[in-house]
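Take a look at the structure below.
To keep things simple, chains are lettered A, B, C and D as they appear, and every chain counts its residues starting from 1.
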Amino acid sequence: MPINLPIYFDNAATTRCDPRVVEAMLPYFTEKFGNPGSRNHKFGWDSEEAVDIARGQIADLIGSSPKEIVFTSGSTEANNLAIKGAAEMYAKKPEGETGRGHIISAIHEHKAVIDPVKRLEKRGFDVTMLTPGADGLITAAMVKDAMRDDTILCSIMWANNELGTINEVPQIGKVVRDAGAVMHTDATQWVGKMPTNVVEDNIDLLSLSGHKMYGPKGVGALYVRRRRPRIRLVAQIEGGGQERGYRSGTLNVPGIVGLGMACEICSKEMDSERERLLKMRQRLESTLADSIDVTQINGHADKRLPHVTNISFGFVEGEGLMMAVKNIACSSGSACTSASLEPSYVLKALGVGDDLAHSSLRLSLGRFNTEEEVDFAIGNIQEAVRKLRELSPLFDMHNEGIDISTIEWATH
Amino acid sequence: MAYSEKVIDHYDNPRNVGNFGTTSECKTDSTVGVGVVGAPECGDVMQLQIKVNPETHVIEDAKFKCFGCGSAIASSSLATEWIKNQTIDEAEKLRNTEIVEELALPPVKIHCSVLAEDSIKAAIRDYKAKNGIAIEETAHSH
Amino acid sequence: MPINLPIYFDNAATTRCDPRVVEAMLPYFTEKFGNPGSRNHKFGWDSEEAVDIARGQIADLIGSSPKEIVFTSGSTEANNLAIKGAAEMYAKKPEGETGRGHIISAIHEHKAVIDPVKRLEKRGFDVTMLTPGADGLITAAMVKDAMRDDTILCSIMWANNELGTINEVPQIGKVVRDAGAVMHTDATQWVGKMPTNVVEDNIDLLSLSGHKMYGPKGVGALYVRRRRPRIRLVAQIEGGGQERGYRSGTLNVPGIVGLGMACEICSKEMDSERERLLKMRQRLESTLADSIDVTQINGHADKRLPHVTNISFGFVEGEGLMMAVKNIACSSGSACTSASLEPSYVLKALGVGDDLAHSSLRLSLGRFNTEEEVDFAIGNIQEAVRKLRELSPLFDMHNEGIDISTIEWATH
Amino acid sequence: MAYSEKVIDHYDNPRNVGNFGTTSECKTDSTVGVGVVGAPECGDVMQLQIKVNPETHVIEDAKFKCFGCGSAIASSSLATEWIKNQTIDEAEKLRNTEIVEELALPPVKIHCSVLAEDSIKAAIRDYKAKNGIAIEETAHSH
């Protein structure tokens, strides 16, 4: 099979929409284009039916009831709704006061969790941001230690977007729910790739996004538990009363149909895909680590998504490296933050040194990647690292036996 | 935002990569000036070396090494080209804005050009210090 | 030309996506599927470029700069962001206090304006909800009368979704801006159909939505003025910092491309389309009014969108009527609220009697409607009204000379 | 949510539309009972008339008119069919839930069936009043 260049190894940033998903969506643009809110004609009924089917497909993937699915424009919105919506609903004191309740999250969450949590801190809630271990994990024990009498909400992502590391979400959920607080998980990178059951996994609120699982951009969902206990939220986007009042606005019918189909495909193909991707990633990691010295795979060795790897190559800078591997589309730091010049705050959270934090590549494989592409990428990366180390003053120092960390840099 | 063609050219074919000997050799060679600026934790380290004719103070050769992004590599590569065959006084006048213009650097990459300017200054300062030439502090142009 | 049944006359609820729009979107699902936030590879750059082009197409349609466009999931979100975002930014007092500033809106706005305004009222802002005239209009004089020293925000829709009536937005904008307050307009029904220039029309914030102008559902935009003065907003969906920090979340690239193309088509075809639709609507209205007695066209006679009509037929109930005209997809009350049994609050705001408020049809024409369809609809409606009046006890009473409004009903 | 087939059938072919004379004729005819329930401002007015055999109290004929949605029209149409040839005591026992079931009405339309039940009761009450038959208030079943 010929390889199309550039190879796309940035599936954690976004995925190619599966052609089967696009096909499912198409009729809903120009034929069945009704507003599901139109209760009095066939165009409306057809759209409503399509939305109901999609609700079922999503529910099937995560083990919920279709009634527990609230459609959003993506995970960022779902996270905002879950975190702000729950905090406002379960606040212990009214606006303008302090001590409104305690919230637990972690420093290496996605910004779409961190920023809402920070906002709540300004609005009178107390916040504990956990620091992960050097392996990148948040454990149930860490959460248990952080729990207080007034803890109302815990938001811990299931799998980290830069590392692929997997937190102890089901166990954390147990701790949190046993204490009567609300458990939210940003499962954007997890759902569709790993088996999920919101009931067994002790989750009250779960965010997911279409474009991370071969569905369309601009559509996602929040699972909102309806039983034992019924979780309630203060709506963040109001007016119209769609989605049981939790999220107003005309439903994005083609997007929702696409998300539904994406979920159905994931349900069916997840198991075989996971295995295939794990093998590919393992080969990628072991070949690179064996052939290039001073490399480091960031995050826990095993408790990681099968398709994501984050590798630091000493003495070469990540952005420069990406330019050298121009036939591989990947990212250094997460796509969402790579506009900034800061080294990844996620790697820093793990205690990865600043130099290695600047030297990392995230390679995230996906449904449409092949073994040939992995082989090509290995060669490309080996060559790029070699070339950049030739250019690197740090590599010279290393070879001369100078310990870089002892140098006093004339920082600019 | 894609890279400009000139950045890509310098990145793909960097000019004047290297150094004039090991770190300790350079330290003792009074015709060589070495400037190292930036820091690994900032994501850029630029090393610029100049080989100066002690009679004329003309930079007869220049070499660089760079840990950094494509724009940083291109900026330092370009800098070595430009300062070659200039006197150190002329080279000192090079402004980062000229590099920005030549390479069409976007705003987020201007710091790369600043580093290049700084590395030239640092190398010249090193050369002057080794040769007992008085150093005036020049203000940054940026 | 053969007529496909049912005829779609509910273009104010949502529109068919223009096939040219769908075609423009398609490559962005499976080929150019990158995340515009991916700054380091071609997939990201291609997406970013597409988004920039769309920004320009939208800006061209409304006379703004591309930098002033903030993408959202639709008008509901845009309204929430504009209203809550501006109120929080320009609040005169901190959270938890009262007297935080005065906001002006109107009772017959869309719920996506009313609900956020009501929320702000609970949060310590003072609110004046204007009542329109019997013609449905909000005038500059009404707003001027309502202005106070502490007025921070005025939100008046440009064209009403149930009536098509056009408020004096440019004049209102002048009053509001001269007083140093922020002018927001929900232009969901207006933009793409009527000429718009945010500078000349004195607008600071303007909401628009793709699916009301032959673009996709699930995407919209908020115009946010950047100069004279620069309007600032508190973001409502946070995390990631997209859209200058005003709206985080991975951009819905295909949706945005579709919205851009929809705007471009509207820019080009608006003038001729407006004329064509106005003629069709006029024939519809005059034929029905001439052939059926006790009918009433709701809202101002002329200051109305060319393609929307709202007609009450005495003695027949709207929902029953829609069932009788089953070959015409239209709405009674607005699509967004027709799940409820209340008569339209918009018609009530105009002082339309409860009986006639229950007897209204909204027919909204669009790009894909033909004259033949209008003729067919006329016949269909005439027949339906005749049939239902035969069934109607109120029509009997009317014919017996009984004044229905004097009867004491044994309300349930 | 589309309408059930039975609703559509009754709506398209309503049974027993009409009345037993003008309003004043009906008022004076002691064999006719008239029930009018609902109100225009609530969006539903249902008028049900029964023609009763004064000997047997059997409803020999029934007619309706309805201002309302499809479900309201179907509910009243169905009601006239069901009560025909029943005694007024039997007809009084008709429960709205039976209509809901027969027509597969969704929750938002249950009030239509309630109106139908109420209109039967009101017509019977009118007939009884005209004929001096004692009226017991029965509780709603809903």
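Keep in mind that, in the parts below, a contact is a pair of C-beta atoms (placed from the backbone, for glycine too) under 8 Å apart; a residue touches a chain by one contact, two chains touch by 3 or more.
In this text, all values refer to a predicted model and were calculated from it rather than measured experimentally.
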- Message: Farthest chain from subunit A, going by mean C-alpha coordinates, please.
- Response: D
- Message: Quick check: which two chains are joined by the most contacting C-beta pairs?
- Response: A-C
- Message: On a C-alpha centroid basis, what's the spacing between subunit A and subunit B, in Å?
- Response: 41
- Please work out the Cα centroid separation of subunit A and subunit C, and write it as a whole number of Å. 35
- Message: Distance between subunit A and subunit D based on Cα centroids, please, to the nearest Å.
- Response: 59
- Query: Which residues does subunit C have that touch at least 2 chains other than itself?
  - Reply: 39, 42, 319, 323, 339
- Query: Can you list the residues of subunit B that touch 2 or more other chains?
  - Reply: none
- Message: Under the definition above, what is the set of subunit D residues touching subunit C in their complex?
- Response: 3, 11, 14, 17, 19, 22-23, 36-47, 65-70, 72-73, 108, 111, 114-115, 118, 122
- If you look only at subunit A, which of its residues touch subunit B in the complex? 315-320, 323-324, 339, 341, 343, 354-355, 358, 390-394, 396-397, 400, 402, 404, 409-412
- Item | For the subunit A and subunit C complex, residues of the former touching the latter | 6, 8, 10, 13-19, 21-22, 26, 29-30, 33-35, 37-44, 72-77, 79-80, 94-97, 110-116, 119, 123, 209, 211, 216-219, 236-241, 248-255, 319, 322-323, 326, 328-332, 335-339
